[in-house]
Amino acid sequence: MMGIFDILLVGTLLWIAFGSLNENKLFKSVVMFIIFGLFMAIAWIRLGSPDVALAEAAIGAGATGALMLDAVGHLRSRATPYPTGHESRESDDG
Amino acid sequence: MPWQTVIDVITYALFAASGFFFLAGSVGLVRFPDVYTRLHALTKSDNLGLGLASTGLALQSGSWIVAAKLLLIWMIVIVAGATACYLVANSARNSGIEPWTGGDR
Amino acid sequence: MGDRRRFPALLPLLASGGVLAFVGRAVLALPPTASGLAVEMRDGAKASGIKNVVTAVLLDFRGYDTLLEIAVLMLATVAVLSLREDPAALSRRIAGRAGPVLGALTRTLAPLMILVAGHLVWVGSSEPGGAFQGGAVLGAAGILMVLSGYAQPAWAGRRMVRWVLTVGLLAFIGVALYPMLGGGSLLQYPDESRKNLILFIEILLTLSIGASILSLFLASASATAGGERP
Amino acid sequence: MSETPTTITPRERLRRLPGRAVGMLLVWFVVTEADIPSLVIGVPIALAAATLSVALQPRSLSGVYLPGAIRFARFFAVNSVLGGIDVAFRALGPRMRLAPAIVHYPLRISGSFPRVFFANTISMLPGTLSSRLTDDTVEVHVLDCTRPVIEDLAKVEERVADLFGAQLSPHEGGGVL
Amino acid sequence: MTLALEILATVIMLTVALGIYRIERGPTGTDRMLSAMLFGTSGVALTLVLGELTGLHGLRDMALVFALLGALTAVAFVKRAWGADD
Amino acid sequence: MSTYLVYTAGGVLLYALGTYGLLARPHLIHKVISANFMGSGVFLILIGLGNRSPESGPDPVPQAMVLTGIVVTVALTALGLAIVKRYYTATGLDNLDDKPSAGGDR
Amino acid sequence: MNVLAQSPGLLVAVPLAGAAISFVAGRRRAPHVAITTALVVLTLAVALAVHVLDGGPFRYQVGGWGAPLGIDLVADGAAALFLVLTAIVGLVVTLYATAYFRTDDETAYGHGLFWTLWLFMWTSLNALFLTGDVFNVYVCLELVGISAVTLVTIGGGAEALRAGARYLFASMLGAMTYLLGVALLYAATGQLDMDVLRTTLVADTTAATGLALMIAALVLKTALVPAHFWLPAAHGSAPSPVSAVLSSLVVKGSYFVILRLMLDVMPAGYLPGVDIVLGVLGSAAIVWGSVQALLQTRIKQLVAYSTVAQIGYLFLVFPLARHGADVLTLALTGVLVHALSHGLAKGSLFLGAGSLMTRFGHDRIADMAGAARSAPALTFGVALAGVTMMGLPPSGGFGAKWLLVSAALASGEWWWAVVLVIGGLLAAAYMFRLLSVLLVDAPTELHASKGDIRTEWLPLALALGAVLLVLAIPLVSDLAAASNVLIHAGVTP
Amino acid sequence: MTAWLPMLVPAIAGIATFALGKSRGRARNVVNLAAAAISIALVARLVVHAYNGTVISSTIPMLPGLGLGMSADLLGLLFATVATVLWGVTLVYAIGYMDHATDRARFFGFFALCIAAANGVALADDPLSLFIFYEILSLTTYPLVVHTGTPEALAAGRKYLFYALGGGAALLVGVAWLAVIAGQTPFTPGGALAAVSDRTAELRVIFALLVAGFGVKAALMPLHGWLPGAMVAPAPVSSLLHAVAVVKAGVFGIIRLVNELYGPELATSLGVATPLAILAAVSIIIASVIALRQDDFKRRLAYSTIAQLSYITLGTALCSPLAAAGALAHLAHHAVMKITMFFTAGSVYETLHVKKVSQMPGLARRMPLTMASFAVAAFALAGIPPLVGFASKWMLGVGSAQSGSVWALIVYVSSGALALGYMVPILTSALREGDHTPARGAESDPRMLWPIVTVGVLTVVLGLTAGLPGSPVHWAMTAIAPSFGGWTP
């Protein structure tokens, strides 16, 4: 059973990695990358390395994702200026 | 029927239900027509799936403190999930993504 | 990197294909069982009294690597700080508080994250966990607070933050140098205080790592994005 | 919906600290799975966490009403399961029965935290998803507008009010977008 | 029990893999974020199940971390990368 | 097919993929991501091959190495993104080839 | 505390502490921290060299565990040479930078974080020269890489950022490839310590692949042609003190590891053909780099391409190493002298180029006429550094070229000598292209503004060091004889 | 240590000159003149020692197994004496010549460094040391060649560098190869390579490389291309460096190479001497013929230099004791003659801006003393007795006849005739009536005039005293004798 799990996991990892690079949509690549980190954490569990898994989870779900998304936001911010129509509707949450 | 077997059977059932809800959530994510509806699928089924799985695991561990920890985890997931869900829906609304109202699918 | 005007990605393709073949062959040539240094390390860890072998390897046997690793992290933080834009411009851009929903989340989760970070450091000696994991959670708490407006990017260069950033590394160096006074070598913890010294370092490192990760985000969270657009 | 800018004195903050610290210590206890020696470091960390908590949320968490809490928990558990089942069947069904709509629900409950709590609860319950919280309304995305959404939401609001031991004014109604 | 856990793990794995389809399809950035959020829940479950399976109880801490940080990505998306979609 | 080999093979493929991406993808963020994939590939190989000891369990040394590696990779990623952002601010470019947009984020 | 015996540990810990302290010290006090650190490190490096000269190479067990459990530092003659070089160039660059980076703009030069970054780089270089552990090399390389990349970008500006980005990705590619090599090597041998590997390495596909990958990665980091694509932009667009450090020290760091792996760790012929390939690439680098340097119109680009060329010389030791202990001794001493003289001279050239650019306000060689009159010391420094670059006597560069030519002739493979000679002539061509402009008569009032005494004389001091190195060659060859490469090759001093 | 001083004193003077900077002209002159005086005294002391049979030498270790050696033997001291003495004379001339020039600190500094290098070449004890100073000489000359900073000066400098560095490269390989097969090989009269004389093929290649290296400075055709162009340098530079130090370093290298490194015997048996001799002979004839057709005064002198240097090379390559001694003596003699001529050329240009032979009519009246000195030197160069050129040419001729190379004798005689052919037209042109009005008072700046007269007189005096002990001729014979196994003239 776990053989299937392993192959599924590794296959998914490769799929994500390929999908992330074989893509011109930057945001998609980044989301793929974030997901990739989380899958890696699962892979570490399977490889009997909980310390690594924990580190990968903490960093992958936390800092890396935030940094990447911030970078995407930055690169988007000047390439295509935001429409200004939303400002009046904007709530302080979003 | 020994007590452990009862627990095991309950656990199996919980696991099966959990798997079902996880699967349903993902199918919903894939099948539903727009962001908002997909969010529904995501927040409800998956949290339920996690809750059921945690309950099963708590039963198996047979320790109150572990059960409490699993409950804590579940609660955190719910709070975080609800907030994330709200934030995403909110941002989708703000960015002008109109909800699907049927018809074009 | 490659001439992609005329031969799209031919060179990279060759490179990665070559790597694949070369490394694949090497991996397949390996015997299916081998133990590396596992046995030595486990025996060594038993002697050093740290139950989590990985932590023993990280902070004791190969503590020097970890010292430099911490240096890498701090260096990267300094690097990102050096790349940041004018702090005044930053705080103009990132202002405003979180809304009630996000604010509530932060107020709930941030203290919990501190608890969990502390827990990860504490269990590090026997279970999975340690300074980096704890620090990462701590940093994430910081990032969450930044994102919900409870922390200001302009803090990134503050002296107080600098101290927090540095204290782990400084403590580590101090502890590393301390055995030299007694004629030992760098990082040669005295046996009687080994565990406590490691815990001491780990706690301070957690603080610094957390501050590092937060600063990495703070300093680079530079321009307009998301809800903060003008 | 900003909070009223009343200043909170350091004394007040200090007064909240012990309670929070005890709470945090309880969480610590759970997180460490009842590891007693860990209290050496747990106590200071719980104090630190409590300090942060107070710093972030100097206001009292507006006393939770215990019987209400139990009622709420039961209500939430049942409805959450129902919500899951509801969505699961909609997702897995051969023809997805979806009739989504946006509903504006005027808030009756007061206080920042209860309102957030209400909005989050909405998101976890069958067929509803809060998508915008403003000063006086919450905007809700519903999966099936054929159901009596407003009534359901009103019921939820009552439960939440019950949890916080508050009374609600009668409802003036909302509308489908 | 092991087999049940293994099956559950595989199923959860499968559901997460399914979620990747949503990233592939989009169409908006927000849709893509959903998959990341999916992991916030499924990842916790997967971690817990695998932890039980391998006997590494320390993994409950990892699940805790996943749970705590799960929302962070969504927050970052909303606050920093908002609008970074199609 | 033993478990370690599945992950190691995955690591090798991942590494090759990362190499290709780093060399061939013009967008700078793609390059950062590719480098991360390379790193993850190497880590998988390291720990995968460290899992070949049936009697003594996973080798802790590769785990320690990978932990160090992860920290370093995070540092590199953060630095890379910071540079990419500054570069973009300064030039409006997201690639090193002077193309207005190397594929962009549409 | 026995400073001599503790010097390896201190050589890493002291600059690291300096880096940390300079960070908290703030923009104003950081230079003082840096200068103090530089002086201490110089003392320690000399102490280490003295210790090695007295008692031969020694190992330093960090943590007291010893290989294979722990990490050992290796202090041998070659390491001592590189450490002393780093300390000397480091001190001069530090002093120069106090003048060069003086500004009232709070945010200029990375918010005044140059000092911290530089001390981190120094730490990592020292660590790299000392380490005896292949994984530790990876960490050191990353430290070097991150600090180097950041220092390139510290001046700001699109060019620097572009160069920094390119450098960063090259650096990432190199680091990951190196780590992959370590992974395979460890999987095959179960060892990380270089000395243990040296005694236990047997013919094995995986281990060989690992080592080949490691060397390929290090070659990329050393910017050997054709992996030099990142270097000219990075070294050319960084602030001058940074360029000086990058060119004179940083490329030597990864080169030093190649040297250790190729000549010490691996038995002869372990990777058949790689030594020849490295030699051929080195030769190609000499020719290609020099020709490119000849074509540059901007002063720092010229000097940067000169680095590409000069790196090539360092790789000629590998094909020559196969010809017995005598030739190896000559060749190794030759590359060590070359590394030293190039380090000093290239430092001088980049610092000089920086001063010239400050003086003229631009970097076009063609418009630098009259420098000889308005800045004689500076021009003289550049000229002396040029002499070393060309390998003309009396200079360290001459000693290096002599030793390498002798080694080539003694090995019977005279074609390496031809390469060396051609390289020297091409170096003369590009250096005199620069010098002849500087010597041209031109109205000097435009740029007669007095430079700071540090920016005028420090380049000259370094260049003088490079020239006078010729007198220190006996000392260098003593240290070379005390290097593990020669000792393990069975050479008795 | 004493053996180093003739090199170190000018070197220190050079550095001191740089340090004094451009403003302190008087101090600079004092330093340089004092250094010249001290150097002359030092060399004289060494000469006395050498004549008494004690060769002072000293070696410091430099490269593994190889040292940097200085040895004050008679052969080297002859060159050192020429360089040092003429430095003193030239300094006086240069101070006058450069009165209004710019960048004088740089000029005099490198000037002194050049002399230091030349003395180093002279006293170097082994091929490595010789090579090192030889290269230093190349380098320190470059700033002097391009001193004026004009485009043509830069072009000439570029050409000079091209040749000098190419030669240096050949030399490097040759010397290194020699060191690889033979180790440290101090110059020994009669040859230092006996131990490795069986490696004939390698030794032939090395010989060729070394000749190629020295041949550049010795302006051996076809390596002479840089010399005529380099005449754009200020006159003192041309005179001292191109007539004395630089080119003489080349031929001196060949003398060391043939007589004291390979030894005449080995050079003959390897069959490398004869090709060298033929090359030199061809150079003599071609250069002389070209000189005939030059209108530019300094260019004509330059081609004359090429021819005269090949005299020395030819004499050395004949491997006959008398010819070798004649070659060595001619090294000194030619220096004195040629410096007179270049001084004249510089003086004429600086005072009247005359550059071409065709502009000279009237010059003899305008500058009688100068032109008289020039005439003496010109006749000496053609080998008219009893002037200085005669003695050495006689020795060269007789030596070549003795060695059985009659063709060499014919070359010498015919080129003597050619020398008359290119020198006499200068004199006749100067004697013709022209537009230069006769001078009132001094012809040119006395600091330029008197050095010319001094070297002119020297031309006569040395010619007259050629037979006495201590004269260049005697000195050369004493110095060369050991190379030919105790040959006594």
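Should a chain be cited, it is by its letter among A, B, C, D, E, F, G and H, assigned in written order, with residues numbered from 1 in that chain.
The criterion applied here is as follows: contacts are C-beta pairs under 8 Å (C-beta built on N, C-alpha and C of every residue); 3 or more make two chains touch, one makes a residue touch a chain.
A quick note: this is a predicted structure, and the numbers were derived from the prediction, not measured.
In this assembly, H is the chain whose CA centroid lies farthest from the centroid of subunit F.
On a Cα centroid basis, the chain most remote from subunit B in this structure is H. When each chain is reduced to the mean of its CA atoms, the one lying nearest the mean of all protein CA atoms is G. Centre to centre, using the average C-alpha position, subunit A and subunit G are separated by 39 Å. Our note on geometry: subunit C versus subunit F, Cα centroid distance of 17 Å, whole angstroms.
If each chain is reduced to the centroid of its CA atoms, subunit F and subunit H end up 68 Å from each other. With centres set at the average Cα position, the gap from subunit E to subunit G is 47 Å. Touching two or more other chains at once are residues 2, 25-27, 30, 46, 48-51, 53-55, 58-59, 61-63, 66-67, 70-74, 76, 78, 82, 90-91, 93-94 of subunit A.
Residues of subunit E found to touch two or more other chains are 7, 14, 16, 33, 35, 40, 56-62, 64-65, 68-72, 75-78, 80-86.
Counting partner chains per residue, subunit D has residues 27, 31, 33, 119-120, 132-133 touching two or more of them. Within the complex formed with subunit A, the subunit F residues making contact are 1, 3-4, 6-7, 9-10, 13-14, 17-18, 20-21, 25, 27, 29-30, 33-34, 36-37, 40, 43-44, 47-48, 51, 57-58, 63, 66-67, 70-71, 74, 77-78, 81, 84-85, 88-89, 92, 94, 101, 103-106.
Interface residues of subunit A, counted against subunit E in their complex, comprise 1-2, 4-5, 8-9, 12, 15-16, 19, 25-28, 30-32, 34-35, 38-39, 41-42, 45-46, 48, 50, 53-54, 57-58, 61-62, 65-66, 69-70, 72-73, 76, 82, 93-94. By the touch criterion stated above, subunit D contacts subunit C in their complex at residues 1, 20, 24, 27-28, 31-32, 35, 38, 41-42, 45-46, 48-50, 52-53, 56-57, 112-113, 115-117, 119-120, 133. The touching residues of subunit F, counted against subunit G in their complex, run 15, 18-19, 22-23, 28, 31, 35, 38-39, 41-42, 45-46, 49-50, 52, 61-62, 65, 68-69, 72, 75-76, 79-80, 83-84, 86-87, 90-91, 96. Chain contact summary for the complex, subunit D toward subunit B: residues 27, 29-31, 33-34, 80-81, 83-92, 96, 98-102, 119-121, 123-124, 126-127, 129-133, 139, 141, 143.
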